[in-house]
Every structure is written in structure tokens, then in C-alpha cells.
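You will see two complexes here that share chain A, one where it goes with chain B and one where it goes with chain C.
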Partner chain A sequence: MRRYWKFLIPAFVILGILVVLLVNLSSNLVYFHTPTELNTEVTPSTERLRLGGQVVAGSVEEDRESLILTVTDGRESLLVQHDGVVPQLFAEGQGVIVEGVWDGTTFHSDTMLIRHDEQYRTEDNVIYDSDEHQLEES
Partner chain B sequence: MTARGRLAWLDITAVIAVVGALVFAMVSPRVESQGDSARMLFIHVPTIWLAYLAFAVTFVASIAFLVTRKLKWDLVAGSSAEIGVVFTTVAIIGGMIWGKATWNVYWTWDARLTLTAVMLFVYIGYLALRRAIPDPVARARRSSVLGILGLVQLIPVHFSVTWWRTLHQTNTFRPRDIQMDGPILAALLVSVAAFTLVYAALLRRRYQLAEMELEAHRAAAAAEGPVAGDAVSAPTIGST
Partner chain C sequence: MIATIGLLSILLAVAASGVLTVRAWAESRVPEPRASAIRLPVAMLLLGSLVAFAALELGILTDDFTLEYVADNSSTTTPLIFKLAGAWAALEGSIVLWGAVLALLVYFVARSVTDGDRLGLTALSVTGAVSLFWFGLMATVANPFEVCTELAGRSCVDSSWLPFVSAVAPADGVGANPLLQNHILMAVHPPMLYVGYVGFTAPFAFAIAAMIRGEQGSVWLERTRRWSVIAWAFLGFGILLGAWWSYEVLGWGGYWAWDPVENAALLPWLAATAFIHSAVVQRRRGMLQAWNLILIIATFSLTILGTFLTRSGTIISVHSFTQSGVGPVLLGFLMVVVIGSLLLFAWRSHLVSSAPRLDSVASREGIFLINNLILTVFALAVLLGTLYPIVLEAMGRARVSVGTPYYNRVTIPIAFVLLLAMGIGAVTPYRYARRDVVWPRIAAPLAVGLVAGALTVLLGVSSVPVVIIVVLGTFVIATVFKELLRQSAKLDGGRVGAAGRVLRRDPGYWGGQIAHVGVALLAVGIAASSGLAVRDQVRIPAGGSATVDDYCISYESPTSRVEPNRTVTGAVLTLRAADCSSELATMEPVFNRYTRPPAVATPAVRTGITEDVFVALATVPGEDVVLDVMIFPLMWVLWAGGLIAVGGGMWGAYARKRTRERVTADV
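== the complex of A and B ==
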């Protein structure tokens, strides 16, 4: 049994190092920035970033080739000019992540992802009947 | 009927349960704001649950081997990890199909996706390690260490969506606060139960196969034994 400690102690040390690395990495593991972070912490540059938030209701308009929208995190919001494919599930109030460049006033994006929330709700909170496709506002 | 064929009812029940669960999944209410692609949930959640379960069984069986030194525990550990790797792969592929429909990308390097991929490769490494050691006892000893340590990574995999900001949504199942409506939850629980039966059936079959592999190995070793022994005969130095 004693020989196992020769194995296990280095293994646990390596594991400990991994944990420390992961904790330190956690600041880099941010997949996207919030509008508040871009407004307060991030200096505008030509670096590509990801911005995530909710599409503000009533903010979406089409301007020739691009889509203009406002994205919010509930505290601050940011104007986004999106030139690229608009995903199927894009809607007002939907969570989105856009990839592009932040110039200080507008976020110019060319890639848009939908960030779905963790809620699984039925459409009208009643049992779905496949013969009736109409949606009821609840 | 042999002892090994007698429990075929488990296989049959598992297949019927999964077919039933998938039918239930197709008639369950649509998920609001996602449409029918959300039905991938009924594959994605049960398969990743099975991956967690399978790797947890590998962990427990690896400890059991180190404590009892009985090879059967090592066979359980290896069999379970193999099933876990298969179900992790299914969960990732299912998630990618859902991701394309919902996120608009198949894959991205966020914390949850990356760590899940790392978990898959660590357990593929575990299986490769087992293949590399022909002697059953040495294999059991060495792979049990990895089987125990491998489980630790499940914690960051599961909590990655809480600890870091990811594209992947956060956990729907929080303590006392389940973000899912009753009918969808019911279909999901049925699916999880059905897939768990599939795990039990697969583990049983894979364990039987592992036992047979061990028997075959021992038979081969025994067949070689006398020949190797004959070559080295004890020297005789007169009689005193």
C-alpha cells in the first residue's frame, strides 16, 4: 500500500496546480463582455471582442445592409451595428452575443450568436395540443 | 438458458423504455421561444447525466479495487468508463446539433464546451492506458489511479456555467428552483430514467464481456505456463 503514495502524492500535487491554474484562468474565461464592462472598463480599440446582453424591445431597425439594435445588461446599454447573418431565433428581448469591434460609441459586429436562457417554459403554460398552433399571450 | 443469457429482460426493458421516452418527448409541450429543436434536451440531458454516472461508477469501482484487490472491481471500472465515453460523445454531438439550431454555431470554445471536451479526452486516455497494459493486475493498479483522479474534473465541468460567463446556458436544475415547467420536466425525467436503464443493461453486458476477456487471458497464460516453467529446471547439486 505504501508504494501507492509515491503515485498519489505527485498526482495530487499536479491536481492542485491544475486547480490553481483554473482559478487564475477564470478571469480569462469570460466568453463575452457586458455593456457595463464595455462602457466602464474596456478601452475602445480595433481588438475583436464579444458583447453579450438582451436585445432592447423596440430598438431593432434595419438600415440598408445592417441591423441596428441596442443590447442591455439591465444597467447600461450599447448600440450595435450588425452586418452579417441574423440567426433564426433573433428577437427583441432575446439574449444575444455579437462579435466585432467596439469603437467607443457603436459596437460593429459581423457575427451574432443567440444565447438562450436556462428556462424551459411551455408556450402557454398548458399542455400543448398539436392541432392548435395558435399562441396565447399569457 | 445459460446464466449469462437469463437476464435479457433488462436489455429488452431498456430498449422499450427508451422508445417510450422518445415518444413522450415528441408529444410533450413545445418549449417557448425555442421551438422543436429544444427536444434535443431529451437526449442531451440524459446522456450527459449517464456520462457523469458512468464516471462516478468508475471512481467508486477504482477505490473498491484498491481496497479489496479484487479484479472484478477493475472490470466494472473499465466497463463503466467505456460507456461514459460513448455517452459523452452522444451528448456533445446532440448539443452541437441543438447549438447550430439555437446559438447559430455548432461549436465554440466557451468554458463548458471546452471542459466537456477535455473530460472526454481524459477518459479516452484512461481507456488507452488500459489497452496499453496487458497484465490484468498491473492494469487494474495503474488505471485505478486515473479512474479516481478523473472524477475531480466533473466538478468544473458541471459548475463551469456558474463560475464563468459562457455561451452555454446556466444550470436549469438549481436546488429548490427548477427553471422548467411541469410537462417538460415530466418528459425529461422519464427520459433520464429510461437512459439509466440503458446504462444498467450496457454495463452488465460489458462486464460479462470483460470477465470473458479475463478468462481468455488467464487461459492463454496458463497454456504458456508449463512451457516457460520447463525451460528453467531447478539445478540439482548432488544429494547431501
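== the complex of A and C ==
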């Protein structure tokens, strides 16, 4: 019997740790969507989401403490109201990811990330591919 | 010409690696193995790798833009220092540097091999196989000597692997990566990481060799102890430099974001930290032999995983990973290493491992076990958080990111337990620790820790985790100093001289203790700077000022200047105390624009004894300026702690040269 316990106890400990980690992980996942997905598939809720796309040129305006902008993936676009720190590299035409809540008409964000990578990008900035993950936190 | 020399030297290194693998293997099996048998392939490997590296540097220095790599990573106006560093600034070049470091490692391992040394020869054969992979990668999908055959404007759109074609060159290259040009540390950071990554090849090769040969005992550990510690120290230094660079240069207002790229370097470091500790248990008590094999396999595999994650483009997008060709190859190599090592382990580990029983959990080795369990859980948690989004996306499910709270929730309790174990473990005897032996050694340090915690509360800190970290961190440091005093009190001579002799007497132990002091400081720095930070964004008109926390910031004027390789736009600010009277410093956060995008923003940081004032531009300065202002308490403690930890590792690795005999400190 002792031999069994020698393996069972560590197995239970490891299992327990894994469960704790996975529960913690699942409660801290933030799902990423494109404007098209938000407009067509995602039901508005209070869940925190990430929205990625390109800032539409000429769409950016400041309204008191907020920044109003439109983000597009080339097909659909979405109005974003951003309250929070604006990263230094923020610009029209830039690829951004905002994090916040989608209410069905406006995306209310408090965190903005600017795409930052170490690979070279051509000057004729290719249309923003919303798959980008590696970001500069702001 | 350069392309031809470069490619030929890579091919030479490929051939030498192959020959080394076979020759060393064969020699380890003959009746009287001779070390001289592998001299030639090792020399050729070293020659090939160094010439390849030199050729790449030469190509960059002579502005040979027929080489696609040079055209993509340098230009005629790039400053010399960044040209030199450009040789490892992008994927192909970084693998050339990697290869050169690896060849040097093989050379040093080969030097330690003597006649009749079957274990060493088998290990050399393993390093030969690892070299074969890296140089094979260089010779195929990541050839840095591809020549450009077709131009479209400034950039090369088609290139040839064979160097004998008629090459075309753009008028000028696109220049070095702006992030590299923005700070020289970005040039130092990768070589440090590579020495760390590559260094683990030595203990890994000896572990595999020990399993293949079924050699019991700790010979493989003893012989690679120094490699493990040096690799650990360099990897830690590389991570520290990366964090410092992220903080001082990148300017998003932090030093660690649990970004996959950062995690990729942290993972092998965590596994290596566990390995270094459990290796001590095996060398001293003969336990944990199988576990040590698992840990070094894990460490080596995680270095490959880290390279795969950062170099294949997988974290930028799962779908871009097949574009470069390097990704699938690295993934394949990772699979071979993991599956091959584990199969070998399953098949042979019973030959090398024996398991003396743990006498009591209340002992030095018991606490080492707790340390290992915690570090493994930590690594597992980081691995899970890093890979989960990638696997989910690769399966075509949702795209997700793992929020920082996930990591914080794991890290904070782990830090508590680790610090506690660090303080108690260092003064706990092996085998069995009686309470009346351990308690007197930790009572006073614990009191010091509690006093420090009370002072922190009196200073107005209300964050519970921060206070706990201060208590435990001070406890660890006090334990180390008390032990140093206790041991040096037994020696004659002045206090300082006696302490110095104690440190030299057992550098392995004391190197570890120095590293513990560093890690304790690091923990305090991290807790203070992340738990007590103040962040604000202010808009200031020219000539006006704004108050943030205890400071008054005035915007004097915008500034702009042209440097040879960049245009600098910034704001001149004056930092004053809260009443806007006494001047503390002049600060100038800027944007730097290089010949190629993106522009890089550089914050201005004023480091003080109690806190850093960090100011970064949020807009281009003009009539007014928007600033991100952040106050980070005790940042210097964080950097100092990191450096001390690295220094402790170096002390443990090098100082042993002075004294071979082991004077025990575990009374």
C-alpha cells in the first residue's frame, strides 16, 4: 500500500495544482475580435474583450477626457471610445488593439496597445492584419 | 566573394559537426579511446563558425548590399557600432552568432576530454549533433549569405542561395533596426541571452551521455557544474538587460509585461534555477538523480522552445509561422529533443538513478525539494499562460490573450514561499534539522524582517503583499549576513578579512547566498515598483506646469535636432518638488525617427534613492504636450538586486578555481 501512496499523493498534488492554474487561467482570458466579428457574431455583454484593427484616417477626435476613433479590419468598422493612456506611437492608420467592453454600438476601452515588432515593415504599410499578437503595452 | 566564403565556411561547420558526432561516438566505444581523435573536427567546427561570423561582419562593414541580409539590416549611414551589432540583429545573423557561441562551447568541452574519457566523448558526440542542427539550419532555411538577384525599389524581392549568380545591390540598405539603434544595450542583450541558452548544451550533453552509457553517480553533474552556473548567470543577466531596456528605452512604462518573448527567456531560467538547486542535493546527498536528468532535459528543451517562440513569428501570428521555414524546422528539432530525451530517460534512467530516502522534510534537502516543487509550478504556470493562446489559435478556435492578473496571482504566493524557503534553507543542516538548531539561526533575522515590515507600514505603505515581501526579503538578507558573521567570527584577523576568507572558502555555497541576497532585493524592488507605482497622464501648455504626486513638472519648450542616423523630437521639461520651487532635474523625453519605421519613443527617467520619476511623451510636443508620468518606488533596488544575483552566480562559478577542496558550511 505504501508504494501506491508514494505515487498517488504527488499525483493528487500535481492534479490539484493544475486545476488551480487552469481555473485561474480561464478567469483571466481576454478574447480577441475583429470589427467584423463584433458586428456579426458577438453578442454585446459586460465581458472584457480585445478589439484589433487599423485606425481609420480622419476618424480621431478628442472629446473631453476621451478619444473617439474608428477602427477597421478592411471590411467592417467600429466606433471606439477610449478613456485611458494613449500610447506614444498612436497615429491614424496605425494598427491598434483596444481592450474594454462592447455595448453593441460603441466599444468602450480603457487600455490601448500599439503593435510593435522587431521585424522590418515596408514603408508602404500593408493593410493591417489583425492577427498581430506581439504588442507594446501602454 | 564574401557570400562564397561565408557559405563555404558554414558548409565546413556542417561537415565538421557531422564528423564530430560520428568520430566522438565511435571513439567512445573503442578499447582505448584517445582524445586526439576529435581534435580535427572540433578545430574545423570552430574555424567554420568563426569565419562565417567574420564574413558576415565584413559584409556589413564593407556595405556589401548584394547580401540580402546586409541590405536589410544596415546602410551606409548606420554608425559603426550598430553595423557591428547588426550581425546579430535579425534572424539569420543571430543564428550565426549562436553557432559561433556553440562552437566555442564545443571547443571548451573538447579541451576537458582526456584519453579514456568515454563519458566526455559521448557528450561531445551529442554536442556535435546539436551543432549539426544549428549549422544545418544556417546552410538551408536561414542562410545569412543569400545574394540578392532582383530588386524592387530599395528592397530585395528575390534572392539566391548559391553565391555564384550575378547579384544586384540596392544603392543603399534600409538601415539597422530602429529599436537596436535606439540604445546600445539592445546590441549587448542578445549575446548575453545566447551564452545563457547555448551554455545549457554542455550539462544537457553530459546528461544524455550519462544515460546512454548508464554511468551512475554525479560525474556528469560535477563536470558541468560551472557551465550550468555560468549559463544561468548569463541568461539572468540577459533577462535583466531586456527588462532595463524595456524600461529605460521602450517607454511604455514598465519593465515586464509577461509578453511571450519575455516568458520565452524566463522559462529556461526558472528550470535552470531548479536544476542548480537540485544538483546540489545530488552532489551532496546522492538523491534526486532522475529528477536532475528531467530538469536539465526541460531546461535545454525550453531554450529551444524559447528560440522557436521568438524566432518563428509564431507569437506575432500563428499563421505566419510557416512563412519563414525556420519555424517548422525549429519545432521539429524541439520535438526530436523532447521526445528523444524522454524516451532515452524512460529506457535508461534506472541505470543512472538510485534513490536514497529522504530522512526528513525538515532538512536542507527537504527545503531544496520544496524549492524545486515551487519553481516547477512557477515554470508550469508561465508555460501554460504562454502556450495556451498559441495552441488555441493554432487549433482554429478563438484568439485570446492571458491577462496580467493570471501571472500576478501565481507569482505573488510563489514569491512568498520561495523567499521563506530561501531564508530557512540556507541555514538548515542536511539529513535532519532539529528545531533547537535552526531556530536560533533564524530568530534574529526574522525579528529584523518584522521590524523592516513595521517600518514600511509606518511609512504609509498599506499594500499587504508589498509589506510581506519586505518582511521576507529582509529576513533572507539578514539570515545570510548572520551566517557570514557566525562563520567569520571563528576566524582570526579583522572582521572584513575573515568574512572575505569565509566567502572564498566555499564559493559554491556563498555564491548561492550572494545570489539569494540579490533575489531578495529583486523581489523587494519588483513589489515596490509594481505595487506602489503612481501613473498619470497630464497635458501641459508651453511654459505651464502640472503636479503629479509629489512633483511639479514644467514644459519649457519643444526641441528638435538632426543626428547622422536619426531625427530627434522632444520636450524640455523641468522637474521640481511639489510646491514648484526647488529645481530637481531637467528632463527630455523624445521621439527618435530613423531611416526606417517605426519611430521609437524614449522616456526620460530621473532615478532617486526612494523612487524613479518616469516621463514619456504621449503626443508630439508643440503648443502643448501630453505626458505619461509615472512614479516607481525603489527601482534601483530592483536593478541592483538583479546585478548582485548575477554576480553571485559568477562568484560561484569562477571562484572555485582557487580552492579545490570543499570546506563544508553545513554544520
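Simple rule for what comes next: the second predicted complex is superposed on the first by the 85 of 138 C-alpha atoms of A that agree within 3 Å, B and C clash if a C-alpha of one lies under 4 Å from a C-alpha of the other, contacts with A are read in each partner's own complex, and residues count from 1 in each chain.
By definition in this document, a residue touches a chain if its C-beta (ideal position, glycine included) is under 8 Å from a C-beta of that chain, and two chains touch if they have at least 3 such contacts.
The structure displayed is predicted, hence computed values, not measured ones.
Once the two complexes are laid over each other on the shared chain, residue contacts for A:112 go to chain B alone; chain C is not touched.
When the two structures are aligned on the shared chain, A:8 is found in touch with chain B, with no touch to chain C. Touch criterion met: A:85 reaches chain B and chain C at once.
Once chain A of one complex is fitted onto chain A of the other, the partner contacts of A:17 are limited to chain C, with no touch recorded for chain B.
Legend: residue contacts after superposition of the two complexes on their common chain; A:43 is shown touching neither chain B nor chain C.
Residue contacts after overlaying the shared chain place A:29 against chain B and chain C alike.
Contacts of chain A with chain B, set against its contacts with chain C after fitting on chain A, overlap at residues 22, 29-32, 85, 87-89, 116-123. Residues 4, 7-8, 11, 15, 22, 26, 29-32, 52, 85, 87-89, 91, 94, 97, 112-123, 125-128, 130 of chain A are the ones that touch chain B when the two sit in their complex.
Per the touch definition, chain B reaches chain A in the complex via residues 27-35, 38, 41, 66, 101-105, 108, 110-111, 145, 149, 152, 156, 163-167, 169-172, 179-181, 183-185. The touching residues of chain A, counted against chain C in their complex, run 17-18, 21-22, 24-25, 27-33, 50, 85-89, 116-123, 129, 131-138. Note for the complex: chain C touches chain A at residues 72, 90, 155, 174, 177, 179, 250-254, 257, 259-261, 313, 315-320, 377, 380-381, 384-385, 388-389, 398-403, 405-406, 409-410, 535, 537, 591, 596-599, 601, 616-619, 626, 628.
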